[in-house]
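Next come two complexes, and both contain chain A; in the first it sits with chain B, in the second with chain C.
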Partner chain A sequence: MKNKLEQISPRIMAIPAWVFLIFFSIVPLIYVVSSSLTNSTLAQPFKDFIWFNNYKQAILDENFGRSLLNTFLFAFVVTSLETLLGFLLAYAVRGIRGLSTLLRSIALLPMFTPPVAVSMIWKLIYDPNSGLMNHYLMQWGITKGLIAFLGDSKLAFPSIMFADIWQWTPFCFILCYAALQALPKAPFEAAEVDGASGWTVFKRLTLPLVLPQVIVVFLFKLLISLKVFDLVYMLTFGGPGNITQVASFYIYRVAFKQFNTGYAAALSFLMLLIITIIATLVIKGREFFMRRSE
Partner chain B sequence: MTSRNIVSKIIGLIIAIGFLTIILLPIVFVAATSLKIPLEIRTSGAIFPQGGITFENWVKAFRNVPLTKYLFNSTVVAISSTLITLLIAIPTIYTVVRFKTGGAVLPSLILGTYVMPPIVVTVPIFAIVKTLELQDKLVGLILIHSMMNIPLAFWLLDSYIRNIPVELEHAAWVDGYSKFDTLVKIVYPLIKPGVLSTGVVCLIMSWNEFLFALILTYSDASKTFPIGISQYIGEHGMQFGEMSAAALAGIIPIYILVFIFSKNLVEGLGRSGLKG
Partner chain C sequence: MASVELRNVWKIYKGDVEAVKNVSWKCEDREFFSILGPSGCGKSSSLRMIAGLEEITKGEIIFNDRVVNHLRPKERNVAMVFENWALYPNLSVYENIAFPLRARNMPKNIIDEKVKAAARFLDLEGILHKNAQRLSGGEMQRVSIGRAIVREPDVLIMDEPISHLDASLRARMREELKTQVSRLGVTTLYITHDQVESMAMADRIAVMNQGEIQQIGTPLEIYHHPYTEFVAGFIGEPPANFVDVEVFVEKEKHFIKCSAFSFELNKFWSKQFDSKRENRIRMGVRPEDIGISFEATENCCGLLVDFVEIQGDRTIITLKVGDQLFLSEVLGDIRPETGQTIYVKFNQDNIHFFSLEDGKNLFFDAEMKS
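Here is the complex of A and B:
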């Protein structure tokens, strides 16, 4: 008896994980798929079976299309800038050991700041009357009038992106710094003996060696960015108009403001499908680059 | 030391100071705003208070909204959900790494859940929580947060377990330890630094979580800190002084935690972010 128990104990240890999966992803996904074929509302789940009408509506829904485009635009722009800046910063400070330890501790702060609080901080910074941005832009004579960053149709989206860049560049910095530190020492010593210039060492040695890892950082943050919700909810609530509406926010609106859960389920399923395709490509990409970095 | 090295060090130093300033400036500005006189806040965006310092905003923030209650709720939810997450994640990751339990399916399902945007499952989760009659209760949120963090814990702990030499465990088995005893007595002490940093990350993620808390809590008795303070936006005009004080009240505990464990966190992130 005891022996038998011992034999299956690895499987027993995995039971809580299966329970988690069943309750947190398998049942919810079945729920999403089945209610996407109905006319459900928040109060009346599974009302009227309507086949694929929700999907037909979704494909023609301009708001949904735009919100998906916004999500990808957001994720791609912020992730590119964050990875690039994070890498350049890590490269620039790699030589100063003492300070960089302090710098990395401080760099942990933005990414762990509650997103709601991050939004409030930036709401305050952008505010025309109380914010630091307008105050100093005017004082230094860069702009003449007050700018409502979050209310302006051209500036609202870049302003949200800027807040995200503030929050996540330090994260990319920490990872890139770790990647740079993990590089083998020997080739660099050899290059120094040969008297290679700094730029040559960077171009011929550092960059090719570290690039696979930097790409891993990029792909990882890209997946986080596709989930964007909090910043948009807090900073602009999708506005002005629908300009900053991202997919997560649009689905939230349909489900919990218009109570149209059947339609929201169809949108969720489509979003999941698209992100799964991207994630599969990303994971394959990561595997490819990690193999190259070994 | 060549002159080129000195120049690059000086440039690095300047960049480091600039970077530090940009990270800290928004936080310092909020802290300064929370100490400004309300009239000054409405008229000036200068970083530091010009018209003296006041604690009025802090007093108001704790008096006008049940901030203490929100912080208390967040603490309860964050600590309980983290403990549940670790209790589920540690045996799972151990058995997946060491015994290949669940083959390739189990780990990819778990990590797949991490990639999934939470909005996708909010409607069903809302329905499940409602069926269990746990809506607007801390227990409901605790369960959801502990599940939400399992993939994260899984991903963070992975490299720590992989680094343990399997010979140690073989020796324990030979000595008659059961597999579960081996995990508790041999493996756990070795991965403790990893468990610590994972626990801190899960704690903070639960403390910060917005979307699930938004749909699952609606009375002050169960609202967490992010939901509580989100009401400052939009409702009755912007009370920036009060809002800054309230936001800081929830930020400061996190920053203390981050500073205490900063070495662990930097190491843990570097390991998982680049390898897993």
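Here is the complex of A and C:
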């Protein structure tokens, strides 16, 4: 009797997780996939079954293609910079004892702030008339006139990226810091006794040992960046023109401005596929790297 | 090559933890010197200060005639074999051994020569290109020695280098290590908690406990003439037996008495107790110095057998001494029964008497002279 209960109980305890997964992941996924095969609108879900027409349209959709490119550009640029900055910061402060709790708390602040609030603050900073950015750039003599950061076709995207880097570098910093702290101490002491210089230790020990974890950090943040929506929505609303239109924002427009939910569902599913492929590639790359280093 | 000397060295960690208390010793050039003690006795702190990985709170560390307190590890030319070996996990065997040479920017052909020589010496030639993570314990140990000796250090420090190997490999490694190190002729500091390793390999041993040096001497001195009760109890397997006894004199003869037995002391001890009047003391005797017989003889004590452990070549008998237990080690063909009374005679050449106050051997000087 007891044995049977012991056998079943793990499954019973997993039920809440299953329920959660079913209602919040599996059901929506099925819903999206099935509505992507129809001509649904916001008012008439599952109207007219049209097979893969939405997908055919998506492949030919220039706007979608451009927004995808924007997404990738955004995601790879900010993720690379954030991971690099986060790692360098973590490496710089790794030896400072007793600082870690304080640093962690401070570093987490931008992540505690709701994205909408972060976006609002950056919108105010970038403001062409009363923004802090213009104020200081002019005070320090770097620029002469007022700049509309978010309205300028060359500056709008970099401005969004800058805000994202401000918000997410701490995330990379904390993960890299943890990875550095988790390195075994003994090989580094051995290197000290062996007389290796700081640069040699970094190049031949620290970096190779920590790189697999850093790649995971990169992957995490990349997946987060590919979904970027809030900053674009709040700061530029895809503009000027559609220069900062990223995929998630385009999908939002199709669904809630054009009310074409069937098509939006197809676009969403394509996004899912593309992100999965990218994630798989990064993971495979990491495995390849780790095997080579063995 | 160098001698290593510690002069009144202290290590006090944050929070007033005194890891090393006023320790002084000198290891001569080319000597195999072992620091032996239980975990937390301060031996690792001592060695980390010698290597330069830890700051010295007070005192001086001297290589030859030079104070090295403020030198960085790489300026001291010490090499270290770490507990768990601390190989560079991402590098091959070859690169691990070459690491200290590359750190000194030696030309490639000389590095290659030296690494190959070290590999030949340690029988590592077959696995030079294996990754360090994929080695067996014995191989890792040899690689870490290779890395330590390849740059011809003045001092070789080994921190529990074989404690993590399994028992049979450990026995073989003891022998191998000793041979390799003596072939190199380098000053060696060997840190361990295993008295067997110290006894088997070291020229001299420093026994430490709770941050203090208990005794420094050759393995045999330490075994036969322990300076403190701690040393007597720590060295030897099974450990020595201790019991609180009284000395009394009757008709000009000296006797030892406790609740379970009494016996007459020989001339040597009588003379000692004549000059030093101590009444209540602690007696220590090693298991192999308790001889037993099944019949009462002169000056023996009858004791009850509590347990008999048969090990084949020898028998370990647990005896009841009042409310304490004594271990006696005898030849394997002597096998008493549990519950039997047997007759015990202590080998008085090898018993020791310790002060109840500070645990010191009361007659250490006399023992050493005899």
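By our rule, the second predicted complex is superposed on the first by the 268 of 294 C-alpha atoms of A that agree within 3 Å, B and C clash if a C-alpha of one lies under 4 Å from a C-alpha of the other, contacts with A are read in each partner's own complex, and residues count from 1 in each chain.
In this text, a contact is a pair of C-beta atoms (placed from the backbone, for glycine too) under 8 Å apart; a residue touches a chain by one contact, two chains touch by 3 or more.
Keep in mind it's a predicted model, so treat the numbers as computed, not measured.
Annotation: superposed three-chain arrangement on chain A; chain B versus chain C shows no clash, the two fitting side by side. Taking chain A as the reference, the larger set of touched residues comes from B, when chain B and chain C are compared. Look at A:Gly145: by the touch rule set out above, it reaches neither chain B nor chain C. In the superposition on chain A, contact of A:Glu189 is made with chain C only, not with chain B. By the touch criterion defined above, A:Gly98 reaches neither chain B nor chain C. Between the Cα centres of chain B and chain C, as seen from that of chain A, there is an angle of 80°, stated in steps of 10. When both complexes are overlaid on chain A, the residue A:Leu205 reaches chain C alone and has no touch with chain B.
The least CA distance from chain B to chain C in the superposed model is 7 Å.
Chain A meets chain C in the complex at residues 184, 186-187, 189-197, 200, 204-205, 208-209, 293-294. Of all residues in chain B, only 4-5, 8-9, 11-13, 15-16, 19-20, 22-27, 29-30, 33, 41-47, 87-89, 91-92, 94-96, 98-99, 101-102, 106, 109-110, 112-113, 115-128, 147-148, 150, 178-180, 183, 204, 207-208, 210-211, 215, 225-226, 229-230, 232-234, 238, 240, 243-244, 247-248, 250-251, 254-255, 258-259, 262-263, 265-266, 269-271, 273-275 touch chain A in the complex they form. Only residues 51-53, 72-74, 78-80, 82-84, 86-91, 99-100, 102-104, 131, 133-134, 147, 151 of chain C touch chain A when the two sit together in their complex. Against chain B, in their complex, chain A makes its touches with residues 6, 9-11, 13-14, 16-18, 20-21, 23-25, 27-29, 31-32, 35, 42, 45, 89, 92-96, 99-100, 103-110, 112-117, 119-125, 127, 129-136, 166, 170-171, 173-175, 177-179, 182, 198, 213, 216-217, 220, 223, 226-227, 229-230, 233-234, 237, 247-248, 251-252, 255-256, 261, 264-265, 268-269, 271-272, 275-276, 279, 290.
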